[in-house]
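Several structures are given next for inspection.
Each of the two complexes below includes chain A, the first together with chain B, the second together with chain C.
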Partner chain A sequence: MTVEHKILFTGTMGAGKTTAIAGVSEIPPVSTDVRNSDTSVAKATTTVGLDYGELTLDNGEKLRLYGTPGQMRFDFMWRILGRGALGVVILVDNSRPDPLADLDIYLDGFAELIAQTACVVAVGRMETHPSPGIDAYARRMEAKGVVCPVLPANVTDAQQVVQLLELLLLQLEV
Partner chain B sequence: MNITPRIRLAAESAIDTLMREIKGVKAVVISTEDGLELAARVENTAQVARLSAIASSLAALGAVAGEESQLGHCDNVAIEATHGHILMLQARHPEMTLIVSVVTSREAIIGQVLYFAKQATQLLQHA
Partner chain C sequence: MTAVNTVPKSQRALLSYSVEGLPHREEVLLKSLIRLLDHRTHQNWSWKAEQADLRVVGDQVALAAASPQPAVPTLTVAHADPQRGPFLALPLHTDALEVVLNRLGAMVVHARGLGLAMTEVPIGEHEEFRMLRWPPAAVLEAPIRLRLATLMSNRPASVLSLQQRSPATRQECADFLADLQRAGLLERAAPPGALVAASAPDSVFPDSRFPAPARDTVQPGLLARIRNRLGLLPSGPQ
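Moving on to the complex of A and B:
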């Protein structure tokens, strides 16, 4: 029987959740993007329901990948999508005004899931916005009692997304 | 949020009509398709922001369900709850898509709600 895992992608609007899932999914991804009317964020569309994709790893395990909406007004979807998830990938956009505060939102929003399962924090756009550095993220998580890997990542590169997922699953084996 | 005054006025007018015509109506909220409130008539304002976001997600999920089932666009989502009904309709105005959410008590007749809500949505689409 195929082993299946539910994995969640969350993080700020524009951090690349939809892109990450679409980049690695072996089925046409399900997307619920609509036109963005929030003029404070320069982005044409935004996810309001969920993203969905599937990926089979080399060892035969199948991952069902769910992406959440990023904005807090959709936190009811966070709770719905978090049910039964084996782990969560938090995508942070380092080009935003306060990415550490952004991280707090998702660490708090998914605190229960993170405490019970696994988590990986991937920081995007570090090549153009190096500050805050990875150490600052690690300290922030430590202050909240969260122990999980944090690393720079470009989720437009499917290979890097697969590495994030493998890193997430690795934690569950420990 | 860039909303033209014409659309804003049409939204207010649609709410007036729905509040007046539907028996048992408890709230009417008109929001953008990404879940931001445009106009509303309800006592609890916190509920308005919440309902706008929920309507946005449900409309998007309804759209995916319609497409995946090869049934075409999702025009509305209806919820029958223990103590009432919620109807969410898409108003596809050329400038932007809006979602009209109507919350009613059990005494509302769902066919009547649908009739008036569709009429209001059509007026909004052509505003």
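Moving on to the complex of A and C:
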């Protein structure tokens, strides 16, 4: 039987989940994108189901990369996807109106997974939207009892996605 | 205004300030200005709720203070000078703020050197500490520190355990913990099984009086295989 492992990418619509997975997956990501009807977000399509990518490890096992749907109405899928995951990468878009409130949604939605595994928070678009700063995120996480790496990231750069995954793996070391 | 600070962030002293009795608007403005001045001030300043290196107070707090705490300099921010030590006039101006921060920062650093200021308790090599919050960028300037902070993000660590789990030297680990302590981001780890005294107000954990649940363990060798597949160099013991 093939052993499977998984890592989740979550975050708001447009935060870059699909892009992050595409940067490291060995297969073209499978996405369930549809035409975006949310006029508040400048995107032609958005993911309503999930994104999927994978990596084959040297012993044949698969590391599956799942991008969760961003919208909160799909939070039932977050719990399903979270079962057995190695950890979660939360992508936050700093250009949104209240990115700290966005962070709260995912910290709460994945609370159980974060408590039991590992988490990294990557804040995008800080070069054009520097506020709130990283320390504000750290304090928000502290208020929820979460201490995990939070750093600016541009997920269009695959190397930065790899770095996020490395920070996730570091937390899993015994 | 002084010239742009050319001292690398990692070589600047990490100092903290607390704010008491300022109108909310002035407090928010003060914190924003201190962040904006970070590339100019001689020390790296970060806000701390209490037990900071510098107390910034409004005039009512300054007047109510029966006796100043000698080890902690107090900066009064008000419209009128209460004639009780360092003073900064409202409305706030960045130039004046920069000057006073540099002056008081130098004083704190000097006092530390003389052993007069609130000094941190020495860190034993085996002593375990918990990191309270992800550190500010000034503490993470060196790349190895990003790794050390990550290793501390979900479990307590000592100088020795950090050294064992990372490529950092013992001195690098000790310096990192010392900087965290100066920034007020470190607390001694409770013995196993002990209740955690302080709870996060809005913790994601069901009952934050208790330590976070034990982490799931991963299959032996899995992390190395993932790193290998991602093209990452082997790191630390698995």
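Worth a mention:
Heads up, the rule we're going with is that the second predicted complex is superposed on the first by the 162 of 174 C-alpha atoms of A that agree within 3 Å, B and C clash if a C-alpha of one lies under 4 Å from a C-alpha of the other, contacts with A are read in each partner's own complex, and residues count from 1 in each chain.
Rule of thumb we're sticking to: contacts are C-beta pairs under 8 Å (C-beta built on N, C-alpha and C of every residue); 3 or more make two chains touch, one makes a residue touch a chain.
These figures come from a predicted structure and were not determined experimentally.
Once the complexes are laid over each other on chain A, chain B and chain C both fit without any clash.
Once the two complexes are overlaid on the shared chain, A:32 sits against chain B while remaining clear of chain C. When the two complexes are overlaid on their common chain A, residue A:69 makes contact with chain B while staying clear of chain C. In the superposition on chain A, contact of A:114 is made with chain C only, not with chain B.
When the two structures are aligned on the shared chain, A:50 is found in touch with chain B, with no touch to chain C. Between chain B and chain C, the partner in contact with more residues of chain A is C. By the touch criterion defined above, A:144 lies against chain C but remains apart from chain B after alignment on the C-alpha atoms of chain A.
No C-alpha atom of chain B lies closer than 25 Å to any C-alpha atom of chain C in the overlay.
Contacts from chain B toward chain A in the complex involve residues 1-3, 32-36, 49-50, 52-54, 56-61, 63-64, 68, 96-97. Every residue of chain A that touches chain B in the complex is listed here, in rising order: 30-32, 34-39, 46, 48-50, 69, 71, 73-74, 76-77. Those residues of chain C that touch chain A in the shared complex are 35, 46, 131-137, 146-147, 149-154, 165, 199-205, 208, 212-219, 222-223, 225-232, 235-238.
Across the complex, chain C is touched by residues 3, 5, 24, 55-59, 61, 63, 86, 107-108, 111, 114-118, 133-135, 137-139, 141-151, 162, 165-167, 169-174 of chain A.
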